[in-house]
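Below is the structure I would like to discuss, written out as structure tokens.
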Amino acid sequence: MFELNAQSIAFILFALFSLGGALGVVTTRNLIHATLYLILSLFGAAGFFVLLSAPFMAAVQVLVYIGAIAILIVFAVMLTRSMTRLSDIYNSQWLLSAIVAGLLFVLLLVGVILPVWGVNGTQAGREVSSIVTTTVDLGKALVDQNQYVLPFEVASLLLTAAMIGAIVVARDDKE
Amino acid sequence: MVPLWMFLAVAAGVFCIGAYGVLSRRNAVAILMGVELMLNAVNINLIAFWRYVEPLNMAGQAFAAFVFVIAAAEAAVGLAIIISVYRSRRSVIVEDVDMLKW
Amino acid sequence: MAVVNEWAFIGVFFAIAWVFPFVPIFGARLLAPHKPNAIKQSTYECGVETVGDTWVQFKVQYYIYGLIFLVFDVEIVFLFPWALAYSQLDFFGFFAGLVFVFFLFDALVYAWRKDALEWV
Amino acid sequence: MNDVCSINNLTQCLLDGGVSPDLANLLTILGGVVLVATVPLVTVIFLIWIERKIAARVQDRLGPNRVGPFGLLQSVADAVKMLTKEDITPMGADKFIYNLAPIIAFATVVLIWAIIPFTPLHIGADLSIGILYFVAVASIGTVKIMIAGWSSNNKYALLGAFRTIAQLLSYEVPLVLSLLIPVMIAGTLGMQDMVRAQGSMWFVFMAPVAAVMFFIANLAETGRAPFDLLEAESEIIAGYNIEYSGFKWGMFMAGEFMHAFTAALLAAVIFLGGWWGPFVEQVPALGFVYLGLKTAVVYIFGLILRSTVPRVRIDQLMALNWKWLVPISVANVLITALLLKVVDAIGLAPQSGDFFAHLPQTLVLLVGNLVLMFGVATVLRNRGRAQRLADEAAHPVEHEDAPVVVGAVGH
């Protein structure tokens, strides 16, 4: 059921990136290091998108998350000087949070994922289609009046609004 | 091909780690990074289900695309708020920002 | 199969590309002298001794540029599928793109009028 | 059938030799990767020589002429020198990240070469999202500068890194916007298809504004004069790589030289028809020659520009991008989109692949671009005149003894 070929090796590698990076993000004291772990984790997810035949999404992932959001986080870390002052990176409820997160994971895995899509799950026998839609179809769907043209325009409006709001909030009015 | 449940398991793992970060970190920027991880886990799920269940329907990819938009807007506004709070209160620790508490 | 091969090529390329710069750097480590001392390793800033913390306070303007870039980047990325499918779209497709770009331009005009694009 | 083993039939050759299919596949890919990745390494040695020679000629000097014929081996000598230089890690530096940055700097440039179509047959990986791959890899470039500046534990390195990141981020916007136009005309993101679509007409004739934008944005992305604020010695003593020495510094420099060349290569592929030229379909190897010639034209133009114009200030740099390049690029996207639909509606869209079928569409797009250029020129002229009049009103100049301005040439 799980043979060792190029795809599965790549999957294991990306899973390690993804999970290891995520663990690094939540455990590192230095926030610049945490951002680098975040980049690693996001890169692993981009690898998943390639394996799932959605290369456009992989490119967007690298471009938007690594090229823009990670840089923005670094700017914010620098602007708030937030890595030098913290003596304690976790709050008082960290143990409770860890238990909740662990329980949530077990619940998701044992309660939902394995019974439905696992080896003997109810949906395990589904045929996986070898035909997939391409980026051209995505482009058509995004501007089709019966599909996603409204969300497409609203997304643009949302980003504009976010930018205006962020400029207003971030700028120093005293200047 | 790699079975679907493995993708889902990794996504669930990333989501829970992100949730742990959000719940336990004191620094606001670190909390924001946790939120980004959670959004990213959702994206892995969306694309995995799109590929394995409905590869001919654009909904999965289109939804993932809009999640990107949300993530970008959230990072931009969230970090702007953090910078603004830091300017007025000289702190990015969420417990220090408790004016609305009673 | 061909598609998988293309990406396998990229994967191997990612693995190999790190080796090329690593080899000479590692070679230099073997060949070059290595005699560190405190003066040599001290931070070089303008010839005088360095003062204070490296984490100087940065202007918020850097963040504003990053912010505007982020918004533009995300919007342009969504224009790529549109541009890719453009020859197969009807006039409504052009109109949808026009409205999308109009909002983008709107954001730029706002930032301009609010002097958010000025360096100082 | 074919007795000679070459990279084109390596898989078959290995299979005949009794190697298992998976291993044969892997070996083929590995061979291709090593081949594609070695080309930029060899090229960069000559690039540095060409760059120094041309800069020297422009400034009426001789340039390197001692080591080897015409000084050709100068770069090799430099490399040997750098290998034996002591490499200093400053105190307080973040060791791992400090060492990682030059590796990323070089690797990200090499990675772009994976998608360059050299001839109709020779391309590393013809990805379906080729152009976006380039944009994505290029955007990793900001990360290397950020971590190099941060890990050095030096105020000037950090300040230089922040300025550089602001510059790179800003100029990425017109860069990516200008790439939308070839994608729109060709209807593909793949690099090989992009070159094929230029068989009868290069995109530079259909989209000259986009080509100029791509060129200018790339000058800024690669840190070439007049946008070389990355290494502004006079303002911020060097930039993000100030604390690096030995071969690590060399990696930043080699990466920069190669990035400039790679940008010229991409401009040739996307706008100047790539490997297209006479008889290239009969003899695919000619593609290397044509692509090389076109790249050389773009690259040498950039070099001459580099040694001619002085450096801009950072506020001018930002204003140029956000107030000129970005609005022009956005307008250009809309004009091209509208004209393409109009051309389609009145039936002028090319029906076949030959030159005359493409002529009407090209002319319409060219006229649209010229109108845009003329509009920009008019705005520039009017604003320049208003500025001049305001200046003269404020400071009356006596024209007889106007001061002689000694212009700063190059650096």
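To keep things simple, chains are lettered A, B, C and D as they appear, and every chain counts its residues starting from 1.
FYI, a residue touches a chain if its C-beta (ideal position, glycine included) is under 8 Å from a C-beta of that chain, and two chains touch if they have at least 3 such contacts.
These numbers were taken from a predicted model, which means no experiment stands behind them.
J.: Between chain pairs A-D and A-B, which one is joined by a greater number of C-beta pairs in contact?
T.: A-B
J.: Using CA atom averages as chain centres, what separation in Å is found between chain A and chain D?
T.: 30
J.: List the centre-to-centre spacing of chain A and chain B in whole Å, with centres computed as mean CA coordinates.
T.: Those two chain centres are 7 Å apart.
J.: Can you check how far apart chain A and chain C are, centre to centre, with Cα atoms defining each centre and the answer in Å?
T.: Spacing between the chain centres: roughly 18 Å.
J.: What parts of chain A, by residue number, touch at least two of the other chains?
T.: 6-7, 53, 55-56, 59-60, 63-64, 67-69, 71-72, 75-76, 78-79, 135, 137-138, 142, 155, 159, 162-163, 166-167, 170, 172
J.: Check each residue of chain B and list the ones that touch at least two other chains.
T.: 65, 68-69, 72, 75-76, 79-80, 83
J.: Could you pull out the residues of chain C that touch at least 2 other chains?
T.: Those would be 3, 7-8, 58, 60, 62-63, 66-71, 73-74, 77-78, 80, 83-86, 88, 97, 104, 111.
J.: What's the complete list of touching chain pairs for this entry?
T.: Chain pairs that touch: A-B, A-C, A-D, B-C, C-D.
J.: Where on chain A does chain D make contact in their complex?
T.: Per the stated touch rule, the residues are 5-6, 32-33, 36, 39, 55-56, 58-60, 62-63, 66-68, 70-71, 74-75, 78, 134-135.
J.: Under the stated contact criterion, what part of chain B meets chain C in this complex?
T.: Against chain C, the touching part of chain B is residues 65, 68-69, 72, 75-76, 79-80, 83.
J.: Report the residues of chain B in contact with chain A in the complex, numbered from low to high.
T.: Touching chain A: residues 1-10, 12-21, 23-30, 32-34, 36-37, 40, 43-44, 47-48, 50-53, 55-58, 61-62, 64-66, 68-73, 75-77, 79-84, 86-87, 92-95 of chain B.
J.: Taking the complex as given, what residues does chain A use to touch chain B?
T.: 1-2, 7-8, 11, 15, 18-19, 22-23, 25-26, 31, 34-35, 38, 41-42, 45, 48-49, 51-54, 56-57, 60-61, 64-65, 68-69, 72-73, 75-77, 79-80, 82, 86, 88-91, 93-94, 96-98, 100-102, 104-105, 108-109, 113-114, 117-119, 121, 126, 128-129, 131-133, 137-138, 141-142, 147-148, 151, 155, 158-159, 161-163, 165-167, 169-170, 172
J.: For the complex, give me every residue of chain C touching chain D.
T.: Counting only chain C, the residues touching chain D are 3, 5-10, 12-14, 16-18, 20-22, 24-25, 27-29, 31-36, 38, 40-46, 50, 54, 56, 58, 62, 65-66, 68-69, 72-73, 76-77, 79-80, 83-88, 91, 94, 97-98, 101, 104-105, 108, 111-112, 117-120.
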